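What follows is a pair of complexes built around chain A, which joins chain B in one and chain C in the other.
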Partner chain A sequence: MTFNLTLIAIFTVGGFIYSLILPKSWRKWTLFIASLLAVYALQPPLLIRDMDFILPTITIFVAVFVWIATLPRTDNRLRMTIQWRDLFTMAILILLITGLAMTRHLPSEWQLLTASRPPDPFTIFLALLPIALLIILLGGAQINQPRQRLALSFIILIIIGVFIILKTESFAIGLSGWLREQTGRDASLANPLTDLNWLGFSYVAFRLIHVLRDRQTGKLPDVSLRDMLTYIIFFPSLTAGPIDRIERFQEDLSALPDMNGRDPSRIVVGSTRIVIGIFKKFVIADSLALFSLSITNAEQATNAGGMWILLYAYAFRLFFDFSGYTDIAIGIGMLFGVQLPENFNRPYLKNSITAFWQAWHITLSNWVRFYIFSPLTRTMLRWKRKPSSDVIVGIGLVATMVIIGLWHGISLTFLVWGLWHATGLFIHKMWSDRTRKWYNQFKKKQGQLRLWNWAGIFITFHFVVMGWVWFALPDLNTVFSVLGKLAGVGF
Partner chain B sequence: MIEMDEKTIREKIRAYITADFIRDPDYPLADEEGIITGGMMDSFALAELAVFVENAFNVYIPDPDLTVAKMDTLNQIVARVMRDMK
Partner chain C sequence: MWNWLINPKEPYTWVFFLRVVIKATLLFLLFNLLFAWLRPMDFISRLSLYNTVVVGRERLPYGENSAEAYTLTTDNIPAMFATHEINRAKAPDEYRVLLVGDSATWGFLLPAHQTLAQQLTDKNYLLADGRRVVAYTIAHPVMSLTKDLLLLDEAMRYQPDMVIWLVTLQSFSQNRQIGAPIIQNNPTRVRQLITDYELSLNPNDERFKSIISNMIIGNQRNLADWLRIQLYGFMWGATGIDHVVNEYTLRRNDFDDDVSWENFDAPQTISPDDLAFDVIRAGHQMVGGIPLIVVNEPMFIADGVNSDLHYNNFYPRWVYDEYRGLFTQVARTNDWRYCDLWDAMPRDSFTDSPVHMTPDATGELSRILGEMLTDYLDFGYLGRECD
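What follows is the complex of A and B.
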């Protein structure tokens, strides 16, 4: 999450100019160009030469490739051919990236749009042309629908493969060492954090898979290259979501030329969201960070009570940081006329773990529900000799929560965190299925219901908080030591 | 496939939901009642409902349409099924 106050101020002022002054017909192009530049501007500097220019370029060109590969096919050919407007977008794209590289010749204090000094513009231009041509030829292949589906599955597997390499520490170190050797640097200094920190990749990957899967199931709407790229790399949500859906995003885009730029309620609500977000992220979360659970802070705790305070502080820091960030992203989106989806809905005040997961990182949990849980359980439900419902639910929940866990990083602690939540969700499902009739009767007793509700909130919150121990700490030894200390053991 | 009118479809789905999800066939489920927001159906129930709809009415509902916003009430579910009935 690399939003800092300067950047937020620039985006906010930009949003006002965009709403109040910019001609209406320029809005879609402005969002496209701003997002394109932001991919480079938001990328943190990397130690391998040119890597902080190459990775954003790969993000953009992978999105272009996915766009062409997902163009609708009929029997043997493209149903929607590549149109002039899309070639125009492609030309703008290449010129913009080359133009960005030209800032290489400016004094370094003027190279504001790239993480470090960009590579030679002539080389970039000569490299991008054949790549663009290859993408058009490969992605635009005249193949029939079943073959397209197969090809798209292959692309999804490649994305997942890259994801696994980048998120597994040993693979990522290997890759960064190899890249260092190729560029004549000391391979023993390989460090994925400084060499391969690919901004927004986790979120971009999920948007790409959504688009690819929806083409396979025939649900993807027809969309122009410019609009798809804007969706994939939309600057307020590039770094850390929310993960929007393309059909919803496209509706907002098509409404932009008719949007009333001077609508006070949109501007006031959007700006308020940004201010609230800044307060949550930079005041509350950053203060809590001083005494929230981490390896170093965990060593300071001298009794169980102190350890619980660290853990509670961590739980609230995580919430205020991420939901504050989301408020800022949604607020900026509103200033530019795009209503990004909500990511949080009072998660710590939910009375069951199921309700928690409908209220915490909502767009991520929806994504895994649409593309993992639902297809997996539906397939099993269709089997002739299907297992019992409990078994299907169990398999579905474990698969889903493990994927959510490993999405944060492929490690044992995230795996256990995922399994912890899968277990909680499974137990809650078994319990609520078997008590539903009783609960419907119980709902009529207001007083007892309120007590029951508060008990549910207390238990759910503490279940989640116990899970954060696995989420916050990097290795099993520290986790077990902290869990022991929470119970008053091991001081 | 036999022609089915909206009323038949509605009653079939209502009977399925009260028997299989609410687990109380006598439950008076109203057309506009929030079934998911009321805590009587969850994500897995939505998947089960989708498979039921496939078998009973030959209508395939894509996974991204199985959401609280789109499938919370009997009215919404029936309208979604009717939309794709052949």
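What follows is the complex of A and C.
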């Protein structure tokens, strides 16, 4: 289940109650418990038995494991310290999950918090207890800082490995088939969409890697288990981001007990963002979805004009859908006292591809810049036989954009989409470097500058729109067919 | 980007918040009351992107699977016609023929360019006065003469020169006259027809949906359908698809020995009052001086098990024979132009139902109808196929 109007209404009303009525000291726990329950409630039903309960549970325990693995090791003890508050959180966690499983004994119409009938609570309890103990023992093992860095790299590789398996169609089908065999189901019906649709994993994975990398580089602040879990699975941003940073998120959490719950500004701004988000997602985007480009209609289009309309509809649908969800997430976050970062800033009105990527899915772009582009280019700059700055930038951009592409799914079309944008960004970088002086003179002529600006917007928009062809379609044949049709050939 | 919201000229207060909520509620009420007072639904429904931004549809919207057929089933009659290519200026050399009927005439399992109307137009019949025959189907996949009459009533505003009404016995059943949603959801229009043409239907039939409200909230479905059908227009314009032609199960050829039909359990004599001939009479009154030809549409005639009892899975032989006899008699009594084409097509002409035809058979029927209407216009009789 993703955000629907009922859930949004529940979260909004919940936000009002939380702000206006709930005692201040309960706020952090409320966010933690609500996020925990939402992981299960938002998970879509899956065809493999109990999988829609197991996957959210794995999300939570991976987050617990990462928290323990990233606890600071002091030089004098070389051992992390688990505080009583964190053991208490762990106990609450196990009780809540077991409690959720106990809803299996309720009539099916009352099983509202899980996608399907949960597994046996006793089994869940017996499984969680040793897992929790094992995590504590593993995480608590004596380990020095260099080894911790190595261990963290290993965990990052595992997360990336799982990500690759889930995002690569052949691997995902294989895993789905294997799971079906283990559960006595027909493996020939394996379908990752119905068997392994792990809600929010893409975003959770990026947050986990952010935490792990920041511990490696010593930037990670001290954070309690409760706060870490709330950050990883914060319910407004679980399904579609934004990807917040933990140090910023923690600042908001720390401020919660002192937050003025009756601050009208927060309520007005939060509510307005939710209303605008609902309009963007459920009115505009869902309307555009009726005639936006898809694998089916790409083959059915019989004229170039029609093909362009489908493509434009796809471009705007994508924007309104995604930015609508972001507005809703930010609005709900505000009602609960968390100011999630912005993800969009009028991307289709930017006059260069560089400006576009500073305005489209901003938190993902920032993440990739922090953890891919900057470290990679810094490393290359330290090489003895240092390549030229153009080569360094080019390699950095290709790596960055290819990773953004493959984050959406590991396929040739997403790879090409990433390369398409890397090429655009590189060309723009070269162009702007070489025309800066000329452009500065140009700035004095306001009329021409305005025209130049609009031309930039038009070109950038159409560059992005052409890129969506690779993004929207699953195979090269269809992509080339659509590109041909857009040019008026191949009907 | 959000500066206007985050940094207002004056700080937000609870009074401001309440004012917004109250104003929004009042505006919502005001718009609803205005809507109820002005009753603009018909006006809005006739606003359309079709025939301007996108090409008009070749048949009325009907879709069992909107996502694949790029259309939807709506009961908003003005919106349905506003999407149709008939909703455009009539060319001076156009002889406009309306085809009224059920799913067979609508073109079920046929792409839009192979419907009866399109194939009739494609044959480029020219009249003696130089006008070319342009046919439009205003059929809808529901078997009810009252539904046909309802759509014909709306279609009369589009200046037809001739109406060809293709019918089959199912549409005459008294049980089926008010059963369809398109009838039940247009109670005002149907009641008007019942009153104007003294139809033998109960205007207070409980199946008529009561209009909850003339306000926006009472017209949510109509407004949403109107918007969606406009948006699907882009898909129609880009693909020319308005119906999914899937694999189908062939109509039955073998039957059991049950010979009941509708409320008739056993063979018996049927009177004109048992069937909705009054609706056909109303149609004649409605079109006035415009020629109306009623055609008993072709159907599949089985040769399998119990085919001595059944013509097909719609009709036991006894009831269909009664119907044909009655129809001929009533048409003669009322001086209707009637053409009985019930057995005009061979068995392999039919697809999933006894009346749905293949593209080739539809083409053949369009030839028969074309010759029929030209013969009628040139010589005043319906031609040899109707004899």
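Some observations on this one:
Just so it is clear, the second predicted complex is superposed on the first by the 483 of 491 C-alpha atoms of A that agree within 3 Å, B and C clash if a C-alpha of one lies under 4 Å from a C-alpha of the other, contacts with A are read in each partner's own complex, and residues count from 1 in each chain.
Everything below uses one rule, namely that a contact is a pair of C-beta atoms (placed from the backbone, for glycine too) under 8 Å apart; a residue touches a chain by one contact, two chains touch by 3 or more.
Small disclaimer: the values here were computed from a predicted structure and weren't measured.
Partners chain B and chain C fit side by side in the overlay (superposition on chain A). Looking at the shared chain after the overlay, A:K437 reaches chain B, while chain C stays out of its contact range. Using C-alpha centres, the superposed arrangement gives chain A a vertex angle toward chain B and chain C of 130 degrees, stated as a multiple of 10. In the overlay built on the shared chain, the residue A:V268 is in contact with chain C alone; chain B does not reach it. In the superposition on chain A, A:R378 contacts chain B only, with no contact to chain C. Of the two partner chains placed around the shared chain by superposition, chain C is the only one that A:Q300 touches, whereas chain B remains out of contact. When both complexes are overlaid on chain A, the residue A:K429 reaches chain B alone and has no touch with chain C.
In the superposition on chain A, contact of A:G396 is made with chain B only, not with chain C. In the superposition on chain A, A:T123 makes contact with neither chain B nor chain C. Of the two partner chains placed by superposition, only chain C is touched by A:L310; chain B is not. Our summary of the superposed model lists a minimum C-alpha distance of 15 Å between chain B and chain C. Looking at chain A, you'll find no residue that touches chain B in one structure and chain C in the other. Chain C meets chain A in the complex at residues 1-2, 5-6, 11-14, 16-17, 20, 68, 70, 227-228, 231-232, 234-235, 237-241. Listing the residues of chain B that touch chain A in their complex gives 21-24, 27, 39-40, 42-44, 46-48, 50-51, 54, 62-64, 66-68. Residues 214, 217-219, 245, 354, 358, 366, 369-371, 373-375, 377-378, 381-382, 389, 392-393, 396, 429, 432-433, 436-437, 439-440 of chain A touch chain B in their complex. Residue ranges of chain A in contact with chain C, taken from their complex: 262, 264-265, 267-269, 272-273, 287-288, 290-291, 296-297, 300-303, 305-307, 309-310, 313, 342, 344-346.
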